[in-house]
Structure formats: structure tokens, C-alpha cells
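Below, subunit A partners subunit B and then partners subunit C, in two separate complexes.
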Partner chain A sequence: MEILVYGTINSVMLALYALGFAMVYGVSRLPNFAHGALYVLSGFITWSFLNSLGLNYLLSIVLAILATGIIGALIYQFVLIRVRGMEISEIMASYAIGLAILEGLRYGGFKGMTYTLPAFISGSTEIAGVPVDYQRVLVVVIGIAVVALLWLFTRYTRIGLALRGMAQDERAAMMLGIDSDLMAVTAMGFGSMLAALAAILVLPLGNIVVESGYNILILAIAVCVVGGLGSWMGAVLAAFLIGFAQILTVVYLGSHFQMVVALLAIILTLIIKPSGLFGRQKELEERV
Partner chain B sequence: MTIPSEQQRKERIDRGIKVRCDSIYAMMSHRELSYLALPRLILIAGMLILPLVVPSMYWQRVFTISCIYALLAISFDFLAHYVGLVSLGGAFFVGIGGYLAAMANTSLGLSPWLTVPLATLVGGGLCTLLLLPCLPLRGVYFAIVSLMYPLFLARVIEALDILGGTDGIMGIDSFSNRWVEQYFIICILLLILFGVRRLVNMDIGLVLRGVKDNDQAIRASGISVTFYKSVAVFLASAMGCLSGACLVHIYMWSGISLFALDFSIIPIAATVIGGSGTLVGPLLGCLILVPISELLRDFGTLRIVFYALILVAFIIFRSEGLMVYGQRKYHQFERWIKF
Partner chain C sequence: MKTRKLRILWVLLTVVFFILPASQVLAEKTIVLGCPLSTAFLYGWDAERGFKLAVDEINAKGGVNVGGTKQMFKVEVIDTRDLEPGVPVSEALLAVEKLILDKKADFIMGGPVRSEAALAAMPLLSKYKKISILTTGVLTPAYSATVAKEYDKYKYCFRIHGEAKNLVGEMFANFSELKEKYQFNNLFIIAQDVSHARGAAKVMETVATKKGWNVTGVEIFPTGATDFSMALLKAKKTQTEIINIWMDMPESAILLKQWYEMKIPALPFGSTLAAAEQPGFWEATDGKGEYTLCNVVNAGNAPSNATPWTMKFYDAYTKKWGVEPEGLGTSSSYMAVYVLRDAIERAGSLDPDKVISELEKTDLMGVYGRLRFDPKSHQVIPSIDPKEGAVGSILQWQDGKRIVVYPKSIATGTIQLPPWMKK
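Up next is the complex of A and B:
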């Protein structure tokens, strides 16, 4: 029972980490290696709004999500758009930006001291005999809501449909009058906002540490690769797969193996079925 | 970009001497011979003299480390621009080579002169074997999987507490003295540099570039793509393992930090800055970047920020790199023409 409850929580957290990455990759084929950095950055922005400016918690959350979205969009508009389509330059540039953000935060005094965000609702409850604090319940509820909203967004709004069109066939989308660059910037903005949302939901459970940026990036890549790069629903299913696998290994082998599972999942998936579990259309393209 | 008042554009023309040197007539005169040989001789002489003129032992060590990074950078450049496999896993090669050399030295008691070649060959084979299933992957997929290998191995060593766990393996022999260490690495580096330059112009180099540009055509010619890719990976990973083995003997220590991202990122940064696809460029890039990063050591993690920003700037504004720029200036002259 414990495995079931905590597996679900872990899976939803993984899905939250990965959705932003999956969205950016799906729309503009950009493996956004700055994803983890944006995640940590939004945590620090929220903390600064809350403690340095003394804003209300809800207001600072909303502002932080917007600010991260804008930062993401600016990074794309001014840097990454110039290397669009050159895969290696994209990886290098986005990774370097992520590195600059993370190490800049570390230099800027965010070290030594522990930075924590308060939980939305403190206290805990019991689900089927397993004690769970309210923040974790909230993560699951909001996480499921985000996935549902995203599904509605990509099917029933103009921007969402345009993004989906870009993801399916960029040329056809451009022929139908969709501005490909603008959509790529939008996707990066939304992707960063999703990273920020994940950060704000998950970070109250622990400290804000710079190192977690790298782990989040690996986890996001793991989920997206297993689910099939570019497939959003695949990412959600893969999150559950990896989430439960992680919890099982933690219970039976020890907590050291948590990251090993994610890394092994990436390597095995790419070796056995590089298009992932649910990405079908690109299988021939990626293999010789 | 400013447009000159009249309708002008810049025209680049090959120097006459360059055109003559392209053919066998280069052997006809001293002037042309020296035109071809001079840049190479400057490089070789510079590399051999530099350790003698640097001010202190500390900078000598920095120069040695730069050479080790240069080996990795050449391996990356070769794999990325002549075979089309972009490997972000330089640390994987360093780690395998380093741990093999460390084990051979501490458990079997072999001297560095045996462990380095052993680690190079065995490590190259091991890396090739481990990467073999990933060879059909291309582009971003190979990049991601190669980035994950070193992280995975580091976590496994940490989790299982094998090979010294987080403490690493200590008590490894060093080279007999620092001059031997220095010149051994410089000679190896120069040999490999010119060797790889020769290799990519031989028949096998042609096949490898064919694999990069159009692997279906290679397969249609009845040549095994996987075989040539694995040969290339063996060469590149052997270079990486060699640098790892040297590093272990210099530091007299081998640990998880051999799998650190530094060994994957700095060589790539050096390649981008030095000029990708030139093979000399990465060496030049390392000789610039590694000392700069030592100078900035006082600034702590800010140097990584600085580093990353330089890298982004180069990728975006000067993606050709210093060496390509230099070669253009050497071989061509420019003039404004009206049209």
C-alpha cells in the first residue's frame, strides 16, 4: 500500500518535471538542457519574492511562474533561435545557459544556508493507512489537473492547436499560416512555466538546492526518452513506469539506486527502442 | 551589420601560393615548402618549448592538464566531425581509462609504462563494446545516451561501493619525474594529432565521412556501417582512455570525479572555440581555455558562469572557431569590390 501511494506521488512529480521538457522538444525539436536550471531558478525567484520583497505567497508564486516563462522565452528568442536546427549547437548552448544559471545562483550566495519554501497547507492525513502530508496530496491533485488542462489546451485553444500542429508537421503548419518561430518561443515560454510550476509544487517538500537542477534534468530526460521524445502522453505514462520502478528499488535496494534506475532506463530505452514506448512515427528516421 | 555607402561586397581569393601548394608542385621551391611547413613547425616547436618557458611548476602542470584535455578534444572532434557521432561522454572514456590504469597499477603492480598502453587498448575495447548497441543511434539520441553513460557508471560505483566507492583508489604511482611526464604527454599528443589528420585523409577517412554524410549510400556500396563506426569509436575512446590513464598517474588518485561532466564539457567548449573539424583547433582551444579557467580559480563557481557565457557567445556569433578564421586569413586575401 505504501508503495502504491508513494509510487503515485513520485510518478506525478516525475510527470511534472518532464512535461515542460516534452513540450519544448515536441514543438521545436529542441532538447532543452536548461530545463533543470529553470526549475531551480523559479524556486529561488519565488523565495526572493516571498522573503526579500515580502509579497504574499500566492502572488509571489504567480509572479515567479510568469517570470520564469518570460526568462525561458527570452532565452529562446535571443539565443537558441539562432542555432535552431543545429542539434549539437542547441544542446551545447542550452546546456551552457543552464550551467551559467545554476553556477551563477551558487555564486550569488545561494549556498550554505538552507532555503525552503513553506508548504501550502501544513499537516498530514492518512490515505489507506499510509501517512501522507497535505503538500504531497496537493502535488498529485494539481499534477493531474495540469495534465488534464494541458490536454484540453492542446485540443481546444488556437495556440494549443497551433503548437500541436507544429509538433506533428512543421512545414504543413507553416503553410497554414502558423508562425513557426513565434510558436517555438511560446512553447519555450510554456515549457519554462511548467518547470516553474513543478518547482513550486515540489520544492516545499525539501530544500532548494542548486544540485537538484542536474537531477531534475536527468529525470526529465529519462521520462521523455522512455515515453518517446516528443510524445506528451507517452511522457505521462513513462512517468508512472519510472516512478514506480524508482520507489520499488528504493524499498528493496536502497535510496542510492534511485538515479541509477533513471539512467538505466534512458540507456536501455535508447538501445532497444530509441523512439520510446509511445513514439511511433519517427522510428525509421532515427535508426540506420 | 553595416552596409557600406556604395554597393560593395567583400571578395575572398585564394593566395597564389596556396593554389600552387595544393598540387604536387609544392615540392618545387623552398618558398612553397616553407609556406606549407611553417604553421606545423610553429605548432610542434611551440609545444616542445612551452614547458621550458612557463614561469613555475604550477603552470607546467596546468600545461600538462591542457594537453590531456586536448587529447579528449581531438577525440571529440574526430568523432563528431569526421564520423558524425556526437559524443557528450568524454568523461566515460576518461573514467574507464583512469580506473583501468589505477587497478592495473595498484592490484597488479604494473609500472605506468605498462598501465598506460594497457588502459588505452583494453579501455578502448571496453568502451567500444559498451557503446556498440548505441551505434545505430544518430544525432541527439546518441548525444543523450553518451551523456548518460558516465553518470550511470559513477552512480553505480557510488551505490555498490565498489572500486573504492566515493573515496576512490589512492596510492597510484606517478611518472618517474615531471619532465618525463610532461614530454611523454606532449609527444603522444602531437603524434595523435598528426596521425588523426593523416587518417581522415586516407581511404578509411573517406568511408567515415561517407558514414557521416550519407550512411545509406555507404551501406548500398556493400560496406558495413557498424564496423566502420565501431573502428572510429575504438580510436576515439582509446584516445580518451589514454588521457584518463595519464591523468590518474599525474594525480596519483582515481575517483568518481573522473566521470565528472568537466571532461565532457571542456573539450567540447574547446572544440567550438578552436574551430570544429580542424583537429588543430581543439588543441588550440584547450591551450586557451584551461589556463583561463586556472586564472579564474579565485572566483569560485563564477568561472563556470564565465566559461558557459563564452561558449554561448562563440556558438552563436563565431561558430566557425578561431582556427578556421586563422586558416582563412593565411590562405586567402580579401578585398572590397563594387557591383
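Up next is the complex of A and C:
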């Protein structure tokens, strides 16, 4: 039972890490390697609003999510737009921005293990005899709600439909009057907000440290590669595959193999089905 | 007009003949302490602060007397990043070499901090004949064993803080007491996948089995792991009473919060548990770190009256840095500078062979007890009595305070159990 409970928790967390990355790539074909850095940055922004400015926790969260979204949009508008379409340059530019954010935070004194966000609800409960803290329960509930809202958003709102249109066929979308750059900057903004949401939900479980930015990026990439780059639902499915694989590895093989799972998943996917479970990239090459 | 010109000439002559040579002399009279430290981590910045405090104190009193001339200490720090996941050992070696060649370090102090990197740096120190005093991180017994095995080659390497063997001994002293007092018998070991922690976990398992403990599990977590639920549930299922933790990664805070939230009926007893060493741990965990025990390697890293110097150092550090001594490398880094000064003054020279000889004769009552090096292994001699040797320090978080519970000679309290463990 504990495998089911903690497998689900782990999977939802992975889905939260990856959704923003998948959205940006899906819409603008831009691999946002600054994703992990935006995750950490949003944690520190929330912390600063809460502790330095003394704002209310909920207000701090809302402002931090908005601020991260704006930062993401600005990154696109002022840097990434110039290299759009040049894959290597996109990776290098976004990774450099991520690095600058993380090292800038470290240089600015955000180091150590004492930067934390309070849990939304303290305490724990038992699910089928397995003890789980309320924060993790909340992560699952909000995580599922986010996936559901994202699904509804991309099907029943004008912006959502435009984003989907872009993700499916950019040229056709442009012919229908959808502004490609506007959608790309919107996706980057939403993707960054999703990174911030993941951070705000998960960081109260531990502490805010710069190094986690690199881990989050690797996990997000692993999930998106397995799920198929650009596929949001593929990312969710892949998160569950990797999430449960990690927990099963801990139980049956040993906890020190836990991190290998995500990296192994990338390698296996690239060997067996480079486009991932639901991805369209390289599909033609695979068929040929 | 003529007088003015003469004045200008006089000033220029003064600059050329007096001030410039004087500054040259001053520049020559600096002893450079090269510190390769992982500065973004607790074990790096606490050491840096310890060094700087000692250097400021010594320089304020006129510096070091080297064969009749006073010389000032100067600290040069390079970030080795060796505590960060994925950073190769070669980065730390480059930092050491840069300190020696570019910064002209006379002595290497502090790190590299990770055991793997410190072991790899030994041949480099030997090549450049640079004396190194390790003060933080590096707990592997292999370090002092290597010096003892190839003394002529590695005689430049000293370590002034306790090693894993001492820490294991100190922990078992407490385990035995808990066994006697509460009939504890089940031990679960959680370690980080790094050299010293893996080694320590292995030693703990072997020693525990020999001492009649039932080792209910050993879990090794990769650096950066963020979920410890399965290990904690395993500990709970096996009726574990003590969870022994060897983990210096920041994510250990997640482990401790999970332990608290899940109300696991086992006492978290850590070593190199960096997250719990910091004074800010209580606020950071919103009090969920209560009852966590951790070994901070040497006295002075938590408040106690081990020696008359302990609280003087503690207060001076707090005054200078606005925070209490934090990690396991604080008091040892501070003392290393004093020990080095002592050896240099006795040697009357900076010659490595002479200073090594005097370091081996060190006998100084410091912040964490009597400091002496084993002449063969260059490891500081440990003790449970500060009058006899370097004493360790185990603290427990109780009601927002870091209470020293071991060794008894310096303890300010006793181990408390969380309410959900009381039978």
C-alpha cells in the first residue's frame, strides 16, 4: 500500500516539475533550460515576500507566482526570441540564463539550509494505514486539480485553444491569425508560473536551496523526454511511470539507485522510441 | 617658487626611498593561508569565518613572530564546489593548485572539504611541499591512515578535527546509554551516497552487530534525493528505536521534517547532519527538528564550557558574524590558525620541514580541549576529557536550543525522547 501512496505522491510531484517545461516546449518548441532556476527563484521570491517584506503567506504566494510568470515572459521577450528556431542557441541561451539566476542567488547570499517555506497545513494523517503528512496530500490534490484545469484551459478558453493550436501546427495557427510570438511569450509566462506553483507546493516539504534547480531541470527533462517532448498529457503519464519506477527501485533495489531511474528512462526512451510516448518530434524518422 | 619645487622633490624622494621599499617589506611580511573551501555550503563558509576570526585576532596583536620579525596572516579563499553534486574532484584540485601557484599560499588550510577531493589533493601537497591542515568536512579515516602508511611522502598533511572513527565511538557511547536506559536494541542506518558516509554506514553496521544491536536496515540515498518515506516506513515497520543518519546534503531537512510529520517512533541521531547543525534549524523547520541529535565533531561548535576558551570563542564568533558558530568546521578552523602560529613561532621559520616538526610537537589548550597531533598519522588526538585531548560534541535540539549531551565532561543536558516514543 505504501508503494501506491508514495508512488502517487512522487508521480504528482514529477508531473508538477515537468508541466511548465512541457508547455513551453509544446507551444514554442523552445527547450527552456532555465526551468529549474525559475523553480528555485520563485521559492526565494516567496520567502522574501514572506520574511523580508512581512506579507501574508497567501499574498506572497500569489505575488511570487505572478512575478515568476513575468520574469519568464521577459526572458523570452528580451533574450530567447532572438534565438528562436536555432535549437543549440536556444538551449545555450536558456541554460545560461538559468545558471546566471542560480549563481546570482548564491552570490546574493541565498545559501545554506535555513531558507524554508511553511507548510500549508501541519500534521499528518493515515491513508490505508500509511502515514502521510497533510502537505503531501495537498500536493496530490492540487497537482491533480492543476492537470484538470490545464486540460480545461486548453480546450475551453481562447488563449488555451490558441496555445494548443500552436502546439499542434504553428504555421496553420499563424494562418488562422494567431500571433506566434505572443503565444510563445504567453506559454513561457504560463510555464514559469507552473514552475512557481510546483515550487510553492513542494518546497515546504524541505528547504529552498540553489542546487535543487539543477535536479528539477533533469527530472523535468526526463519526464518530458519519456512522455514525448511537447505533449502535456504524455508528461503526466511519464511522471507516473518514472514516479512509480523510482519508488519500486527504492523498495526492491535500494535507495541509491533512485536517481538513476530518471536518467535511465531518458537513455532507454532515446534508444527505443526517441519521440517518447506521445511526442511527434522525429516520428517520421522513426517510421522510416 | 624654488622652495615649492624643493618641497615636491622632497616628497618624491620620500616616496621613492622610504614608502615604496616599506610597502615592499610589508608585502613580503605576509603569510598566505590558502583555503580551498566549498564556500556555498555550511562546511565551507563556517570554516572561512573561523579562519578570518582567528587571523583578525592574531593580526590585531601584531601578527606572527617568525624568527624575530613580525608577519601578518592573510586568508585567500577559493571555492572548490566539492560539496555540490556532480562537481568533479578535479575542480577541487585545480583550486588547490591555483592557491599554491597564483595566490602564493604558504600553507593550505581547511579543505578540500569532501573526503574524495582531500585524498586526491594529497599528492599535490606533497609535490609542492605545502603543509595542509584539514579543518572541515573530510572525516574518512583513510586520510590519516595514508599519512601513517607513507609518512615521508604525505608528512605535509595534518587534520585537526575528529575523524569518522571517533564519531562512531562517540555515537556508540550514547547508543549504549540509551540501550541501558530504555532497552533500545534496533538500529536503522541512513547514509548519503558519498565516500565518508558510505564508509561510516558500513562501520556502524559492523560495530553495531558486534555490540549486539539489531541492524534493521541500511539505506544509502543519492545526493539530491528528496523523498525518504520508504526508508522511514521501513524503520517504523521494523520497530527501530534509533535512526542513525550520515548526511550533509541540504535535503536532509526533508528527511527530518518527514520523520516528524510521520511521527516515526525512532530517535534521529545524525552525524555530519549539516541541516541540524545550524542555529537557524529550529526556525527553518518550525520546531519540527526537535529531538534531533547530531554530532558536530568538536566542542565549540555548540555552546559548552569545554575549556575557558570555548565560550570566549563562541561569543567572539557570534559578535563578529552575527550568528553563533554553525557547522562542524568552525572551532577547528579557528584553532588551526592558532596552532599554526604556535608552530611557526617555535620553528622561527616558514620552512616546511621545521614547521612540520613543530606541529608534531603541538600541545596547546584550545577551544575544544588539549590539541596534539599523532606524530605518525598527523591526526588530532581525541579524548572525552578536554584536559587530555580534542573533545567531540553531540547536541540535541531541545525547545529551540542546541543542548550538548555528550561527552559528559562538557554536557549541558541529557538526551530527551519525543512524546510519541515514550512507552
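Structural remarks
By our rule, the second predicted complex is superposed on the first by the 280 of 288 C-alpha atoms of A that agree within 3 Å, B and C clash if a C-alpha of one lies under 4 Å from a C-alpha of the other, contacts with A are read in each partner's own complex, and residues count from 1 in each chain.
The rule we apply is simple: a contact is a pair of C-beta atoms (placed from the backbone, for glycine too) under 8 Å apart; a residue touches a chain by one contact, two chains touch by 3 or more.
Keep in mind that this is a model prediction, so the values were computed, not measured.
Using the contact criterion defined above for the overlaid structures, shared-chain residue A:Arg82 touches subunit B, although it does not reach subunit C. In the overlay built on the shared chain, the residue A:Gly254 is in contact with subunit B and with subunit C.
With both structures placed on the common chain, the touch criterion links A:Ile266 to subunit B but leaves subunit C unconnected. Once the two complexes are overlaid on the shared chain, A:Arg106 sits against subunit B and subunit C alike. Of the two partner chains placed around the shared chain by superposition, neither subunit B nor subunit C is touched by A:Gly160.
Contacts of A:Ala96 after superposition on the shared chain: subunit B is touched, whereas subunit C is not.
Using the contact criterion defined above for the overlaid structures, shared-chain residue A:Pro131 touches subunit C, although it does not reach subunit B. Contacts of A:Thr116 after superposition: subunit C is touched, whereas subunit B is not reached. According to the touch criterion, the shared surface of subunit A, contacted by subunit B in one complex and subunit C in the other, consists of residues 106, 254, 256, 259-260. Contact residues on subunit A toward subunit C in their complex (touch as defined above): 2, 6, 9-10, 106, 111-116, 118-119, 122-124, 130-133, 135, 202, 205-207, 209-212, 214-215, 247, 250-251, 254-256, 258-260. Subunit C contributes residues 40-42, 45, 84-86, 193, 219-222, 224-227, 229-231, 233, 236, 250-251, 253-254, 257-258, 261-263, 274-275, 278, 280-281, 283-286 to its touches with subunit A in the complex.
Residues 31, 79, 82-83, 87-89, 91-93, 95-97, 99-100, 103-104, 106-107, 218, 221, 225, 229, 254, 256-257, 259-260, 263-264, 266-267, 270-271, 274, 286-288 of subunit A are the ones touching subunit B in the complex. The touching residues of subunit B, counted against subunit A in their complex, run 80, 86, 88, 133-134, 136-141, 143-145, 148-149, 151-152, 155-156, 158-159, 215-216, 219, 225, 265, 268-269, 272, 299-302, 304-305, 307-309, 311-312, 315-316, 319.
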